[in-house]
């Protein structure tokens, strides 16, 4: 259970980190969308391992093969099946932890839940699963782009290095110009240096990914449980290593008074707007047309190159240590994953919003 | 759409703040649960308005009537239908905002989405809807209690007054001994004074509700999209005025290194445990048996007793001001709502976990 | 589980035959629909007991109370909550079967499933639950009517008395002119006589309800599992006492050759049509714009006024006999139920169809 | 939408008849099931084309490749991804109908719904999609077998040749001993001769598949909308070419009186049973432990080797005729498909039934 996401634009993923392949089925993508396969591959490149010195040096080509749902370059409205072969499996690397539970991984909980686990690289619990999400999200993004909606994520914090510049004052397109994906070049340099020093310590560190969605139409979001930000939150919290989500004013908004926090409404140049945007583009769970923005907290990667106390399947005390090639900080590669999940949420709610008013049916 | 929550323990709510009644259907509550109606009423009392000087002075009795699903005091496995009449409707109070959009409310977004809105007190977007959640959550709590699981929430922050004591060092049962529901009496007094001063300013202020779930069995949570904390996050973000959610180490965990953050595993007195609990009782989206704890950020209530700039349905500039009786700070009354939503999530995942292993089916 | 139906136009029902009330929540009805409450009441009248000599003489007023979702006469897009009080409960009537399982009822299976049952008149398994469906269906019908779609059911068979006239040659509006709801007056008279004689025998008899849906747009239905006729079939099979469903040529079509059965396509007066309609208006699970028609088989009512062998909860042999007031044949009252369920299916698929093509989004 | 089936044992299929591959993801199969891959392949063989003179002579190897969800021979509780490559695509065969709508196919309705269609062999609407269902159903069958439940389907009617022997008097294992899959050898011979003559006429003919499920535990089925037979009906009606479904006494039961139709309950050798089984093993939508049996009506295959009137995408009158290799009668190959869908339904309800009683949770 739990391997599907969305209602009308719905994905289902499968695959373990060291199985034959990962994959995803997208059900509900509207017909008639001209798909740019290169753009899907670009997104895969942004997520793939081995892309810079601050990411894992594992090599995965992350080629995608589309098996269905496209005819003569366009979506047909039938399910889009995508397979991503696992090229670099190296299962032998994992024999040393076959019966050990790595601290703060899902080893123990999967074993408790299912009574069995695929110990090769975490199996299904590996962040490798997110490759399938990025492929699906790349299609959702193209659907949204056809309707004018754009999504841009970036790294805003690594460890306690937090970029203080509001997104409105940043040129977000610069995020892709450095390997840590922070749009402020000065902060980016510091972040890279920090990650590099953590890596040399055989340690890992956390970070924050921020995301901005522009040009959302009003009316997206379903009261009361399926508020737009509630589903965005769930989407982000479903990404490996995420510990928190906040949108608009977030946890800082707690400290404000209503008279500061409320977003006064104005009409400018014939368009209804809010003067401030502490609401983060969503009021009562429904988009109001302003920018949607949110922040996602990632913990430090659990695999470290140091000895740690743990137990094995027999309940005996053991020592475990990471081996091989792992990310010292997950956020640079998490940027496209955050965007993918945001795109999937928006695509789903855009479809849902087509059935709200009698006169539009 | 969006008025249901849960899969196997599933609720559907209805009702507007000034309609005839609110209500909820609970589908999937296991048969044979002896229901204590007084405990349901107690939860309603914790949420209801007018309970202290720092909450709204509105009067709602919040009586519940159970229409189905119970026979001779026990649940029968059939849907439990509950109605909560709206006693104190006073629709006339709202004529002054009938065609105006209140800043940072859902007025504008509902109007944009549906082309129509019930302007009486926010209609469906009112936090009054959470009364139905509390009734349903009170039943979920009794189900969980029968399986040994307990849930306790409390206020840990109001404005910038943040209680710094970890929950392990608190006597959580003291939370119900003061009107702000903070288990530390000294902080509670300060919080009450702060809310009172904000109220005299005709303003409002935000806060944080923390929650601890004890005695959860291992194995709750569904990889990969329906991780336990992802659904908890969605549940919390679906509560009115919530802007953020974090669990375990949360946003602070970002600053840590993996070597600090990882929870070493040990076996003590025959029981597998973790030495620390930065994971917040959930690893890979599945419970590991440790305490689950999380924090929920609430913005300041949008209704303030001050003039604010806004527009009306015709798009003209207008001034709006709150009237009547509103909460200066929502967190004291939000405590039982947070618990209710947590209980609903846990009940659902407990049922889902019964189908994981072939040998247990 | 299982008390909800539909995806975008979704209902959830609750209530037992002898509890306080039945009810239904409709989630997803589009906003802006002007509701005619009298028409809802008319549908309730068509289903209610005691309406003629060939139906049960029980008295239920089946008044509906709408608690939410309507504002100033129009739907608001929020859930419509409806309660139907149980006026005529008479629980004492059922003491004689409190621990006995009535043959071919759900008594034994509910007891096995839930370990507990509400023995008063079948509790949740009673056909009284369909009152809630009729109320919801009456709203779905008004939504469909606003889009030009009409649904008409009628009785086409009672016992072995089968009306052989194709629906195209009938004036279906005449179905409501007699108490058995057969549009052919001559057959209707025979059917009434047959039911009356069965009733005097203290026995019951089965029947068939036929249904025609006119003016459906093309494109309704979701491949591959959620074909339009598959969901119609499920909807009908979910009605109490239903044993079979067929659409278009149905079981008779089995005997035909492809060359006879295929519906040749033609264009007449600028409109694409089929020359015959063995397909029943649905091809590949998707509506083609022709009339949709289907037949629903109802078994004889299980409650008979005769002694029958059975067992009790202790597993001992007992004799049971029906008491009180029951229908000798269910089909006259099943006509509005079949229409209601058909309307709910069509409303749901009409909404789903709004998200098929990129250019329409 | 609509490409998933089931709730807890849930499948999602993808693929067109002439795309690169078909496939299916199974989410929710319990962990610890030892999978026999040969048995899956056997089921594929039973469905595959070209297996006898009365089926299409198309060649498809229908090899399956399992990409995930299995580790060391056992299910892990994670999604099982299966791909079935399309070996024999021959797309050029279909150019003659590229812009024509074949009568009684889904060509026109897909075009209307999506504004685009994959004309190669029906694309997604082809019965080739059922290969994915058979693969998934073969796994569901193994799960059910581990719990003692067995499913056996067979051909009981071809055209007007209907086998009148009740299933209780048949040796169902003989169904697989002849190419038409009728367990009565004499009738089987007649059926084969009939299909052969129809084929020589360049025509097609319909048929009925019957199915028996043995050893179902009591308590499967979810009131009220998700009755066990309602979901079985939907499952069957979702198979290509199906026009009707009946269970237990079915349409014939309509003619009976309650006193004949009711299944008296008895206790024999310590086991509660019914003397007759007109209920078909299901009462009130819930299994009572008796055999479940039902019948599924298939129309004659729409592709015939004869000229037929139709129109093209431009709305012009055209003549179409089948080419290539098609089944003169679908029922022999439909037998494993019916079993697969029945297995998927039973597997799902078996899991759902684990959450009914408090004391079992």
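In this document, chain identifiers A, B, C and D correspond to the written order of the chains, with residue numbering beginning at 1 in each.
The criterion applied here is as follows: a contact is a pair of C-beta atoms (placed from the backbone, for glycine too) under 8 Å apart; a residue touches a chain by one contact, two chains touch by 3 or more.
Computed from a predicted model, the values in this text were never measured in an experiment.
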item: Selected interface, A-B versus B-C, where C-beta contact pairs are more numerous; value: A-B
item: Reference subunit C; chain at largest CA-centroid distance; value: A
item: Subunit A and subunit B, separation of their C-alpha mean positions in angstrom; value: 26
item: Distance from the mean Cα position of subunit C to that of subunit B, given in whole angstrom; value: 39
item: Residue list for subunit C, restricted to those that touch at least two other chains; value: 1-4, 8, 13, 28, 31-32, 77-78, 110, 113-115, 124, 223, 352, 355-357, 359
item: In the complex, subunit D residues that touch subunit C; value: 1-5, 13, 101, 103-106, 108-110, 112-115, 124-125, 129, 157, 159-160, 198, 201, 203-208, 218-219, 221-227, 229-231, 233-235, 237-238, 240, 243-251, 253-267, 272, 274-275, 278-280, 282-289, 297-304, 306, 308-311, 315-317, 352-353, 355-357, 359
item: Subunit A residues within the subunit C interface of the complex; value: 7-8, 28, 30-33, 75, 77-78, 143, 146-147, 223, 350-352, 354-361
item: Touch list for subunit C against partner subunit B, complex; value: 1-4, 8, 10, 12-16, 19-23, 25, 27-28, 31-32, 65-69, 71, 74, 76-81, 83, 110, 113-118, 123-124
